[in-house]
Every structure is written in C-alpha cells, then in structure tokens.
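Below is one structure. I have some questions about it.
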Amino acid sequence: MIPGPEHLVIAPIVIPLVAGALLLLFDDRERRLKATISMLTALALLVVSIALLRITHADGVAENGRVVVYLLGNWPPPFSIVLVLDRLSAMMLVLTSILALPSLVFALGRWNKAGPHYHTLFLLLLMGLNGAFLTGDLFNLFVFFEVMLAASYGLMLHGSGTQRVRAGLHYIAINLVAALLFLIGVSLIYGVTGTLNMADLAQRIPQVAAENQMLLETGAAILGVAFLIKAGMWPLSFWLPTTYTAAPAPVAAIFAIMSKVGIYVILRLSLLFFDGTGASANGFGAQILFIGGMATIVFGSIGVLASQALGRLAGFSVLVSSGTLLAAMGLLEVRVTAGALFYLVSSTLAVSAFFLLIELVERGQDAIANVLAVTMEAFGEGEEDEEIEDEVGVAIPGTLAVLGISFAACGLLLAGLPPLSGFIAKFTMLTAAFNPAGMGVGGAFSSASWWFTAMVILSGLAALISISRAGIRAFWAPVEETVPRVLLVEIIPVGALLALTLVLTIQAGPIMRFMEATAESLHDPRAYVEGVMQAPRIERAEPEATR
Amino acid sequence: MSRVVPYPLLMASLLVMWLLLNGFTPGQLIIGCVVALLSGQGLAALQPVKPRLRRWDLLPKLLGIVLYDIIQSNIAVVSIILQGKRSQRRSGFVNIPLDLRDPTALAILAVIVTSTPGTAWMDYNSTRGTMLLHVFDLVDEEGWVDLIKNRYEFLLREIFE
Amino acid sequence: MSATILLWAVTIAQCALALAMGFALIRMFRGPRAQDRVLGLDTLYVNSMLMLLVFGIRTGNTLYFEASLIIGTVGFVATAALAKFLMRGEVIE
Amino acid sequence: MSHAADLPVWAAIVVAAFLLLGAFLTLVGSFGFYRLQSFYDRIHAPTLGTSWGTASIVIASMVLFSVLQSRPVLHEILIGIFVTVTTPVTLMLLGRATLYRDRSEGSTEVPPMDAPVSGSSENTPTKD
Amino acid sequence: ITGAGGLCLLVGLILIGHIVGSYELDDVLASGNLIREHELYVPALLLILLGALTKSAQFPFHFWLPNAMAAPTPVSAYLHSATMVKAGVFLLARLWPVLAGTDEWFLIVGIAGMSTLLLGAFFAIFQQDLKGLLAYSTISHLGLITTLLSLGSPLAAVAAIFHMMNHATFKASLFMAAGIIDHEAGTRDMRKLTGLFSFLPITATLAMVASAAMAGVPLLNGFLSKEMFFAETLEQHHGSIIDGAAPYVATIAGAFAVTYSIRFIHTVFFGPKPVGLPRVPHEPPHWMRRPIELLVLICLVVGIVPGLTVGPYLHVAVQAVLGDRTPEYDLAVWHGFNTPLLMSIIALVGGVVIYLALQSYLATSEDGPPFLRNLKGQRIFERILVTISWRMARWAEANFGTRRLQPQLRVVVFLAFIAGLWPLFRAGFQPPMPTLAGVDPVFAAIWLVGIACAIGAAYQAKYHRLAALVLMGGAGIVTCITFVWFSAPDLALTQLLVEIVTTVLILLGLRWLPKRLEKVDNSVTAPARMRRHRDFVLALVCGTGMAIVAYTMMTSPMPDTISDFFMTRAYTEGGGTNVVNVILVDFRGFDTFGEITVLGIVAITVFALLRRFRPAADSVGVTEQQRIQNEFDDAAADREIGATVRDYLMVPSVIMQWMFPVIITLAVYLFLRGHDLPGGGFAAGIAMAIGFLLQYLAGGTRWVEDRLRILPVKWIGFGLLMAAFTGMGSWLFGFPFLTSFFQYVEIPYIAKMPAASALMFDLGVFALVVGATVLMLIAIAHQSVRSHRARAVEAAKAEEG
Amino acid sequence: MELVLSLGIGVLVGSGVWLILRPRTYQVIIGLGLLSYAVNLFIFSMGRLTVNKPPVLSGSEAIDPASFADPLPQALVLTAIVIGFATTALFLVVLLAARGLTGTDHVDGREPER
C-alpha cells in the first residue's frame, strides 16, 4: 500500500492515526516500543510536512503559491470533503510537527509513565491539529476540532490529580459549549447557503439574498464566538491560563499551538468569506478583532504581571500572543499579517519552550515554595499529585546555568528584545503597522497603529518585568535551594526549541519573504477558491467495473 | 452437535426472527443460519442454566391459556379502572409457595403473571421457594393461589421437570 | 372510503396515545416516589413505541418500523437499570 | 393517506378496529397509572398497554401491510413478543425495589420479608 | 530597565525607519536633515534618547548599574562597564550625526549628561563598597561622555570617543583590581580594608596607576581626554545657561573624580595594618594579574605617546562616526599652559583638599552619601514597580478575570447571544408571523410532553437527580419521535440507542455523587437570588432567540444545496439506497472517520482517568441499600449474605440472558442493512454494546468477566485500523483516500449481495463503537468492584492489627 | 409544525442554558444533554421539515431530490449525536473524578464561602 506523492497531502492525518491505533494493540507495559513508534511517527510527520511546505512554496513560483487540493472519496468539489494545502496550512503543519518532536522527547523523561495510552492520545492530537489545518470543509473542520479537543482533554487530564481535574472540568465544560455554538453556526450557514465547502461558500456568500444576509452573518458571528473561545480572546479566555498551568509540561508545550488553531481559522475564514464582499460585516468583524485583541493583550499583560507561579505566567503570555495576533489581524493590512505570521511562529516556539523549561525549574524548588505558589494559585489548598512523588532525573553539573540561560532566552523572546526572533517579529509587525504602504513610500498611518504599538511595547515590558522577577526568584534568591534533577532528554528539547528561534532570527530574511507571500495569498484568496473549485477528480479506467 | 447448536429451539427462533426481519430468500436463509449460530455461541459463552424441555408439545396449550387469561384480565382491569371510585375492590399481596425451581420455568411464569394485567410479580424467595404476588382485585385469595399453582405451575412443571 | 375510515381511526388512535403519553408524563413529573417516575418513563417508552407504529400505519411506510423494534427490544434496559439503582443504589455490581 | 386508497374496505375496518382497541387499552392503562392511589395498584395499569394494547396495534399494522403488499408482513409480531418478554424485567425489578424501599421505611402497607405463606397472609385492603 | 529602554529604542528606530524609509544605517546617516525636519523628529528623538540614556545608565536611570556591577566576578563587571553600558553611549555616538545639533538634543542630552557626571562623582565619593565606588565613577564618566556628545561639535565627538576608549581601559583594570582585592581579602568594604600595600604590592601599584588615569593625572590617557573635555566645555555652543555652566560643572566633577580616586588607593593600600579581615591577602596568581598589567601598560603608553599609539585607531573610529565632518585635532600631551590645564590643576588640588576634609568622616560613615543616603533610587523604583506590577495587577486580574466556571459560561452564553442578535438587529430583522397552519395537534401534544420534560428536568436537577434523569429521557424520546415524524429514521434509531446508553452511564455516575442535599442548606442569599434572576433572564432570551431563528430558517425557502448531488448519485455511484448512510460512509466518510476517532479517544481518556479514580469519602464501600439488605440477610437464620440480591435478579437475569442472542441478531441486522435501509455500523455497534451492558446489569461485573473476555481497547484499535485501511485501500488503485468501490456479487441460487468497500469501513465503525461504549461503561462499573476490594483490604488490615 | 418544533427547540435551549449556569456538576451535565438535543434538532431543521419523505431510495428509478428530505443535515446530526454522546460521557467521568478528588460536586471544586 505505497501511496503515490499525490497522496502526501493526507499523510499528516493518516500517519498519526494509524500509528496511534497500532499502539492500542500493544500492551501498555511495552513502553519502550510505544515510545519508539511514536517518535518515528513524529519524525515522519516532520519530514512530510516539510516536503509539503516545499511543494507549496517552490520559491514563490506563481506569486500566489501552489494550492494542492485533495478530493476525499474522489468526489468532485464542492460535494466532496476536500483537503487544501496552501502556504498557510503547510506552515502550520510544519510548526505542529516541530513542536511535537521536542514535546514527545520531553515526555519520555517521566510523563508518558504517568498514565496509560499517552502516546496514542498525543498522536491523535496531532491528527486533529493537522486535520484542522488541512481541511477545506466547514463541518469537517468541526469534526477535527473535536478530535483535537478530545485528545487534548485526555492529555490535559493525563496523570489525574486534583488541580488538573478541577481545571479540566472547566476546560471541558467551556469547550463543550463552544462546540455547540460551532454546530449552530455551521448549520445556520448551511441553511442559508446550502453548502459546507469553504471555497464554495466564498463563492456563494456574495450571492446570498439580502434578507438572508443577516441570518448568514448571525451564523458567522456565532461561529466567530466559538473560534474566539479557542483563540482565547478576552473575556472568553479565563479558562486558558488555568488549563495550561494544570496541564503536564509537554502537553502544555503542544497546547501552545492549540490556541493558534483558533487564530488560524479566524484568519482563514474571515478573509475567505468576508473579504471584499460583505464589507460591512468584514469591517465590523475586524473592529471586534482589533478591540478584542487589544483587550486581550491588556488582560494578558496584567495576568503576566500578577502571576506568581511560572506556569500561570506562561499561560498568560499565551493570551498576550493571542491578543497580539488578533489585534494584528484586526488591522487588515497584508504586511501586518505577514509580520503577525512570523510572530505566531516565534511566540509559539517561545511559549512552548517556556512551558517545558518551567517544569524543570520548578522541580528544583522545594515543595513548600511550590505549594505556596500553588496556594496563591487557583483555589485554596493545592495538594501534590501522585506522579510528583517519583524523583526523576539526576543533578547534571551546570544544570542551573543551562536552565538560567534558557530562561533568559525565553524572557527575551517573550518580551521581544534583541537578539532573538521575538524582537524581529515585533519589529516587523510594528514596521508594517507604521508603513502600511510599504517601506519608503511613507504615507500616514492610523491611530490604531499607535495604540497597537503602545500595547505591544507595554506587554513586552510587562513580560520582561515579570519574567526577570521570576528568574531572580528562581535562580538567585534561594541559595540553599537544591539543584533541580533533570534528564538530558528534558533539557535537549528546550534547547532545540530555543535554537529554532535562533534559526528564525538568522534566516529572518527568507522566512519573512515566505510570510509575505502567505499573507498576500490570504488577503487575495482567489487562487485558493479557484484551486478548490476546479480541482479535477481522477477519472476511472473502466466505469462499469467500479462505479 | 450440541457444541455447534447449543440451544436448538432458541436458535431456530432466532432464524425465524431473521427471516421475519429480512424476508425469506435463500440468501437470507443462509445468512440467518450463520447469524443464529453466532448468536447461539454468544449465549453459550454466558453458560446459563440450560432448560430441559421435556414436553414442549404442551407449549401451545400454555400459550392459548395465557392469551385467553390475558384477554379476560384486560377486560376486568379496564372495567375496574373506568369504574374508578365506584368499584368495591381490595387489592393485596399473596405469598404463594412454589414447587417450581427451574429458573427458566420461573421466568416464564413471571412473564405470564406480569403480562397478565391484575397480577404483579413482586418477589421470589429462593430459600423458602415462595413467590410474593400483588393482585389488583383480590376477591378470594385461595382462588389466586389455586390459579397460579394448578393452571400455570402445573403445566410448567409438566413441560420442564 | 377505506381511506377515510383509516384516517379517522389513525387520528383518534394517535390522539389517544398522545393523551396516554401525557398521563405517563404526569407521573414522571409528580412522582410521588422515584419508582413512579421510573414506571412513568417505561410507560412513556411503550406509548411512544405504539405512537411510532401508528405513524407507520398512517404513512403506509415500513421504514419507521425499526425505531419501534428498538424500543421494544432494548427500551427496557434504561428503566431496568433505573429500577436496579433504586433497589441496590448501584447499577452494575 | 394515499396508500389507504387502494385498501379493501373490510381490511380498513379490521385495521381500524384493532387500532382503536389498542389505543383505547393503552390510554386506559396510562389513565389508570395516573389515577390509581398506591404504587402497587399503579404497577398493574400499564400492562394493559404492554399486553393487548401492543398486541392489537401490532395486529393492525400486520394486517394493513400484508394487504397492501399482498404478501404476509409479519415482522411487527417481533415487537409484540419482545415487549411481552421484556416488560416483566422492568416491572419485577421495580416492584421488588419498591417493596424494599417501603419495608426499609417501615411501611405497614407491605408484608414483611417472612410473610406467612398463602391463605394466612394478612392483606390490607386499599380503598379507592 | 534596560529592557524597557530597549523597547523605546525599538519604537524610536521604527519611527526613524518610517521617516527615512529604510533601516540601512548608511541611508539613515545620510538623511540627517530629513530627519531633523520631520514632524516625527521629537517623538523619535525622545524615544531613542530614552533608550540610550537608560542603557547608558544616565540620570535618572543610573541606579540599576551599581547592582548589576555588584555581580560576583570581575569579568561580569568588566562586561558591564565596558560593553553593555557603552552600548548606549555608543549608540548616541552612532546616531549623533543624525540627531545631534538641535536644541532639543542639547537640552535633553546635556542636562542628563552633566547631572549624571556630577551626581555619579558625588555618589562615588561616599561609597564604602569598592565596586560601588567604581560603579558610580563609571556612571559619572558616562555622564562625561554624554555631555561631550550633547555639545554637538565634531571635536567634542572626537573627545567623547577618545574618552570612551580610555575609560574602558583604566576602569576595566580597576574593576579587576577590585576583584583581586575582594578575592584576596574576602571583603570589599573600605572601612575594613586598609594597608594592603605590603600584602599585594604589585596589584597596588597597578591600581594606583589606573586610578591616577581615572583622576586625570598627566602622562596618563585619562588626562588627555579630560583635557579635551575641559576644552570643549569652554567653547560656546548654544549660549544657554547650561552651556555656560558646563565648565564649572566639569571642574567640580573633575575634583570629585580626583577625590574618589585618591580614596580608592589611600584607604585600601595605605594606613594601619588591616585587622579582622576574613582571610590573609597575598599576591594573586599571575594569570589573574596579567590582564591588569596589560591594560595599565596601555594607559601609560597612550598617556605618554598618544599620537603614535592610539592615534590611528581613534582616527578610524572617528571617521566611522563623523565621516566627512571629521575635524582637525591633535593628540599632544602638552598644549601649553591654557585654561583646560588650569582647570585640571584646580580639579587635582580641589580633589585632594576634599579628600582630606572628608577622610575622617568616610572612615566610619555608612554606605552612601549624606542626606541622600536613605533615598535609594533602586528602592524607590522597586517599590513603584511592585505596587504597579503586583498589587494593582492582581487587583485588576481579580476584577477583569475570573477563575470560576459559572461567570465564564455566563459570559460565553451572553456574548454568543449578542453575536447572534447583533447582525439581525443591525439589519432591522422582522421575524415572520408565526402561523398555526398545518400544525398537527398530535405532534403539538407530543411536544407539550417534550417541553414539560425539559422544564421539569431543569427544575428537578438539583434535588431530585433521578427525576431529572428520567425527565431528560422523556425529552429524548420526544426528540426521537420528531426525527421519525420528519423522515429521519436513521436519526431516530441512533438517538434512541444513544439515549439508553447515556441514561445508564449517568446512572453509573450517580452512585459516586454525594447524597442529595437537603433543602435546608440553601438559605438563598440576596446575591444568589440576583444571580438566579439574571440567569433566568439569560436562559429566557437565549431560548426565545433560538426559537425565532429556527422558525425563520425553517420557514424560509431552501437554497439549492449540495444534497441534490448526493440524492442523485447515492445509488448509481455510491451503491446504496439509504442516502444518509451513503453520505456517512462514502460522500462524507471522512467526517465519520474523525467522529469515530473522537469516540475512541474519549473512551481511552475515560479509561485512563478512572485508573486514577479516588472516590470521595462518603461514597466508598457498599451503598446504603446494600448495607441494609446484607444486614437483613445476615440476621435471618435461613439466609446467607447476598441472598436478597440473588433472589432479586434470579428471574429477571434469565430473561436478560435470553435477550443477549436476540440483541446480537438485531445488531447484525442493523449493520447489514445499513447501506440500503435505516441502520448502519454505528447503530449496530451501540446495540451490541447494550447487549453486553445488559449482561453486566444482570450478572454483575465478576460474573460477566468470568464468562466473556471483552478487550474493548483492542476493539477500538482494530476499528480505527479497519477504517483507516479501508480508506487507504483505494490508494492501491491510484484513487484518493476513502474512494469507495462496490459491486453486486452474484451468488448462485442465493441473491445479489452488495459488496461495497463502504461496508468494510462500516465494520470498522461498528468495532470501534462497540469497543468504545463498552470500555466506558465497564471502566465506570469497575469502580464499584475496586472500592469493594479496597474495603476488603482494609478489613484484612483491621484483622491483623 | 415549524412553530411547534421551534418552540420545542427554544424551550430545550432555555432549560439547558439555565442548567449549565447552575453550580452543581450534575445540573451542568443534564443541561449539556438538553442543549445537545436542541442543537441536534436545530441542525436537523436546517434541512426544513418534510413529513414521510425519508431519503431512502427505492431502487435506481429517476430521482427527484425534491421528493426526499434533505439527507445532509441528517448525516451531520448523526455525527453530532455521536460526538455529543462521547463528550457527555467524558464530562461525566471528569465530574466524577473531580467529585472524588475535591469531595464536592460544585463546579469549582470547592463550596462557595457564604
């Protein structure tokens, strides 16, 4: 069953599924075997996604890049469910698999022992993410959201424990409501337009009769709420820090991209459905995005400042990055979007690394300090979980130094200071905000960009203050503190992620070009729509034998 | 044989059920047999106490009696309910000693009693072998004991023991 | 002719069944005891099953038969579980 | 009721009769279930619906479709059988549970666990 | 702080970039005038200066530096003093040609520079920590450089650059010396340190030379740049008061510099022998001294023959900065007897005088200058920081956020409602007039029941859980009838089966929930009542809105949908007559694919989570009912424990066992016909699962598991793989994933059997659904067994102990 | 008919919303159950209401889509039912675990201090 290259598009979904299902057939005690399989799968995913990226971005041949369409069941569009691979989805795939590998390696340290079927859940989470990024069908998007969420519930609750279960209850409850909203929105849109295929929708929405326009917008708005919950826009985001804090470190690390899924969908759909046409709706939505994004940045920064435990700090920085992205999208500028995409990658990597790092750092601090931090945290007493009991890792000499440096690096990244990619990301975004027309052209810029700039800067400042404070508390203050006992497999992933941000910095030029191309095609989705609607189905050799 | 077809009667009825559902064609007959065998194996896995049908020629008679009684009691109960307040009836429990021990037979008895409006199986005490019956319209207690013991239990013992 | 007969019969039957469902509902609602509610649900199930059968007769369509069949075959599981819960405080021991 | 048009009148009458009978029995059963005073009385009422109520509606359906498709359509009988077989399960479990609950609450309505056998069982008349 | 500065800098540079239209340094440097004219010049300047000044620790941002420099190793100190700090100044120097020359520039930079120069020097005098002293002197020197840059004349720039180099050399050497002393003597407190000369003569000598350079003693590099500085301050640049004050400030600062330099040397190396030092100092190993020696050498050489040594380098640097505006300058030691020289002399003498005056006081005084001692910038700053970033932030987070579920859900629901309402509201939406036309009274009656059930469930859920569950069941069956009514038999089947399983699941859960709360405990407080009213209104409006939207949609004409395609192709191309099922397993099989994955994941999660399940204290062990019944059995003479439950289940369980094969048959039936008639893999799977469930119900966990080996996890895995491989099968024929194939297989004498690949897919669905459902049910059911076992173990323990 | 069904949906939604805003986990799960009924019916109703036109073909005769109910919403509802079932089960178990670990059945895992 060797699939030809044309089937590569679906590989990111099928590979993890098959691997995950296979793992179920093995007994849970064969941990090494399972670990190997899932590692190999993650590697394969990385290779595949990079290959796909190269397909879409053959150095910008046809300035809109290639749009690869996969007709499931070989039914013609728009009737079939389609997978659509363009620059954006390819980029997200790569990012996912890049995050997956370190997180998986990290989990080998201890977490995969904390409960059964860790690897299966993890792989299926990847499947869900990839599916959500690839699918070109609205309802199928819902299905993959649910796959992703279901797996995330499992991983988030992995290892049980009071705090985790408590947070998980909230997380699940809210996401169930979000799922219901999603369904309502989708069905309204179907009821008005009679289709579910995104590209087809993009074509049909302009033709919707005036009296149904508002119903359509109602559906879209409800859908938007569902996505904004996932994206973590204030005030729909209170669950997020608590959840991410409670989740096991490697899980939180991969969660770093889950909030980005919401962003991704909003970015794609809003530009696909309401660009050009429903200008009012679009402008309105953009305003909401911008204001909401700003509010989210503020709230996130406040949270970052107020956070005592590192976990919450990281959780709130997720909010900040979400807010920044939302606000950037709200500006509706191609070049801002490009910068935002860069920022998306950079901040995701940074947060992911940060989550991994935190666990190592906090492992060093004595239980009392932890409990103190915890008690200030969520609710009242915070008892230790079982899996904390087993002492893992050995005190590697120089551990503290390594941790310290990585910590500083994370700080720089999240605050957006040179020399790491965080700086470049913010720099490019702000530059674009100030030069909408492009460098050198000059021209005035909106007051929105002033606000945006101020917010971005202040949030960076907040991050800086809070992280340096935390850093001092973690690395300088307690002299008598024990050196955290960590495994090599736990430090390496952190290093790898940070190294990647360094790569981002060094390769900033070409990467930015890619991002700009991506943004271009996002803001002008004609290629996407045509690519999907004109995708040819494979004709059958002898019709009567088969169909 | 009994390994492959542990419960002939049951599996036969399953086959009938299958044919009733899918209509009779040779194909369905074959599939039905397969399904019946499969389901029979499923039941065999549970290792239930196997009923020994000694006189299954009496089954139709039992069925007839039961259907008749059910009609009767339907009428009775309907009339009572519709009379409402005016009806002078006393309902109550009857504790009937049974010689029947075979669970299957008891189950059939239970089905009979329950699906007959006006009588309700309340409890069975295996240590004392008594069945507690609730009767909707308890004109004379002995009558009920007699009905159960001679009309149903007798036949059932004929069939099963 | 036969159409009208049937139409009337079906309509009356459906109304009767709907009314029956209503009575069952009242017990589910009012109780007084848990067993009344459970028995009410069981009755509601049976009434609904009959309602579906009659609907089948009304439409002359056999496609709705399975729904009734399912209620008749496994509909009791829920109420049986409820009853056992009342007796033992636990459904599966 | 387009399908009923080509139905012989006798069949229509038969179907209608069974239909009404079944519906009537079920209604009375549910009504009794709603009306009667003690639970032990109520538990009898619905069996009207589960026994002949179901039976006659099933018969009606069988007759109708057999005539319509001019071939024996008997699969509805399964419904009758299964309802008859499964209803007792619920009722037995429920009745016994009620008995337990009343006993544990020391109700005088119900006989104790070791009630005297047959004739001598004192049974409290419930007037309604 | 530096970070904040950095961020300001970032914005400033972006502005510059916006003005210039490029970030290429050359372009920027080239377009100095353009920038100075631009309206954004002032904000850009402010931001950049803010950044630069903070980075270069200029007043009022100076206070972070000493702490930073208190860092343990001299190396770090060196890094700080020489590079990081200089970065800011260097930046100023770099952008000098672009930004300098305007009054704003002069004012801001000048004031900052001079005040830093003066204050730094003044603070330095009163430090008791060696490094503290050096740190503050560094600040002051930076101030000097900044002042030079502020003047805006090319020559001043040259001086600045030159002094930058010099300062780097001597200050670095001093820091290292301090490091050595610290290392050797074990303290840096100048009150303790004294008379170390005899212990470390070489270090002492080196330090002396270096500090002399710092003080600006002739024949050392410090002297040269200081001369230039004095000279520059004398020039009139802008004719402002500050400009006028410059020379005097410079002189005083110079004097201070002399003072602290002398102090550094005198207190540490001379005077009485030290007493009570942590350890006895002696000369450090060579490698520690080497760098100092080198640096000091540079000081000397540059100081004596500047032209030959540093000249070229300086020239290069100056060129780089000033480009064509490089002025004429000469690096001579002796410029003749002129005002700068005079100033230097005054400074030297004054410095000595001041030192003598203060010596006794300093020997004992605490750390920090008089009067200002208690006003520590650091402290103030931190206090502010903490107030802002802590108390306020926490307050804000508490007030603009929540960690409780109800408010969050409230917000979500509310926003969703608004989001739904807003577009309708904007478009002036008129709901269609509701008509009773074509309302079937029977259907209406059925829904009356449904509505009553829903409301009842909502009303009972708090205190009568069972009632709520039963009522929910009622609502479910009404939903199911609705599906049948409106031609969706498949939905009806699935709904029913799911309904049953859900009820049992929740029942299984009920056993672990706390006993029903008494009514007494809810003494409804006023806010609680408020909340209830609000929620009630919210529920009301949501329900109404939903109803209106639903009604509008249902009554509006249907658009031409993609379903027509499915209807027309289902049989001819999908090989099935039940279009819904064909959609599920073929047209949109990918959805089903994801859907069963969800089910599998959830089952696994449930299983994993319950592995760690800890029942609450009040629900461990057997339930109350079981306790009572067991006690009764125990008490009765002719019964053993468990007799009651045995009798209870004896007869029903027989019937339940009969039903097992029936249900299997039913499942097969539903499965096989799915593609053509209502049914299908999912319905069949659930039915099968109910079959198993029924046996658990009848016989109990142990009884069943003695007889049936169900491996649900394997079923799940198999199901997923089955579905996946069916999908991949089409790759063999070069078709996309999940392309279905079917053929009517002609079996002689029997029938035409549809053999669609979709059927294989559906088989996978079936297997997974069975596995998942059974796994979830069993996982919960096993908790009872577990808790019994736990109790048994405890009992055994009790026996022993 | 439309009126009846939309009223039904409205009431289900209202009851569900009310319940998910309550403090006890059990109330929330019942509420979610009711809400998912409502949403399923809503999706279903997007295909508009048609009596006795089940989308089941009777062989390969010429097909007029207008004479059948819209099958797509039905398929969507089936998927939604399954997913709803799964998530309800999960939520149930999580609330059990929470109840076990925290000792309370309050949604926040601790009784509100009054």
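By letter and in written order, the chains are A, B, C, D, E and F; residue numbering begins at 1 in each of them.
In this text, contacts are C-beta pairs under 8 Å (C-beta built on N, C-alpha and C of every residue); 3 or more make two chains touch, one makes a residue touch a chain.
Note that the structure is predicted; figures quoted are calculated from it, not measured.
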item: Smallest count of steps, each to a touching chain, taking chain B to chain C; value: 2
item: Neighbouring chains shared between chain A and chain C, ordered by label; value: E, F
item: Most widely separated chain from chain B, with each centre as the mean of CA atoms; value: E
item: Comparison of C-F and A-E by number of C-beta pairs in contact, larger one; value: A-E
item: Separation of mean Cα positions, chain E and chain B [Å, integer]; value: 68
item: Whole-Å gap separating chain B and chain D, where each centre is the average of the chain's CA atoms; value: 15
item: CA centroid of chain A to CA centroid of chain B, Å; value: 62
item: Cα-centroid distance, chain B relative to chain F, in whole angstrom; value: 39
item: Per-residue multi-chain contacts in chain F, two or more chains; value: 20, 25, 42, 46, 51-52, 54, 56, 72, 76, 79, 83, 86-87, 90, 94-95, 97, 101, 107-108
item: Chain D, residues touching no fewer than two other chains; value: 29, 31, 43, 50, 75, 78, 82, 85-89, 91-93, 96, 100, 113
item: Residue list for chain E, restricted to those that touch at least two other chains; value: 403, 405, 409, 413, 469, 478, 485, 489, 510, 546, 553, 558, 561-563, 566, 572, 588, 591, 595, 598, 602, 605, 609, 612-613, 625, 629, 648, 651-652, 655-656, 658-659, 662, 677-678
item: All touching chain pairs, where touch follows the definition stated at the start; value: A-E, A-F, B-D, B-E, C-D, C-E, C-F, D-E, E-F
item: Chain A contact footprint on chain E (complex, rising order); value: 3-4, 6-8, 10-11, 14-15, 17-18, 21-22, 385, 388-390, 393-394, 396-397, 400-403, 405, 407-409, 411-413, 415-416, 419-424, 426-427, 429, 546, 549, 552-553, 556, 558-563, 565-566, 572-573, 586-591, 594-595, 597-598, 600-602, 604-605, 607-609, 611-613, 713-714, 716-718, 720-721, 724-725, 727-743
item: Chain A to chain F touching residues, read off their complex; value: 139, 143, 146, 150, 153, 157, 160-162, 165-166, 168-170, 172-173, 176-177, 179-180, 183-184, 186-188, 190-191, 196, 379-380
item: Of all residues in chain D, those that touch chain C in their complex; value: 1-5, 7-9, 11-13, 15-17, 19-20, 22-24, 26-27, 29-31, 33-34, 39, 42-43, 46, 49-50, 53-54, 57-58, 60-61, 64-65, 68, 73, 75-76, 78-80, 82-83, 86-87, 89-91, 93-94, 96-98, 100-101
item: Residues on chain F engaged by chain C in the complex (per definition of touch); value: 51-52, 54, 56
item: Residues of chain E defined as touching chain D within the complex; value: 625, 628-629, 632, 636, 648, 651-652, 655-656, 658-659, 662
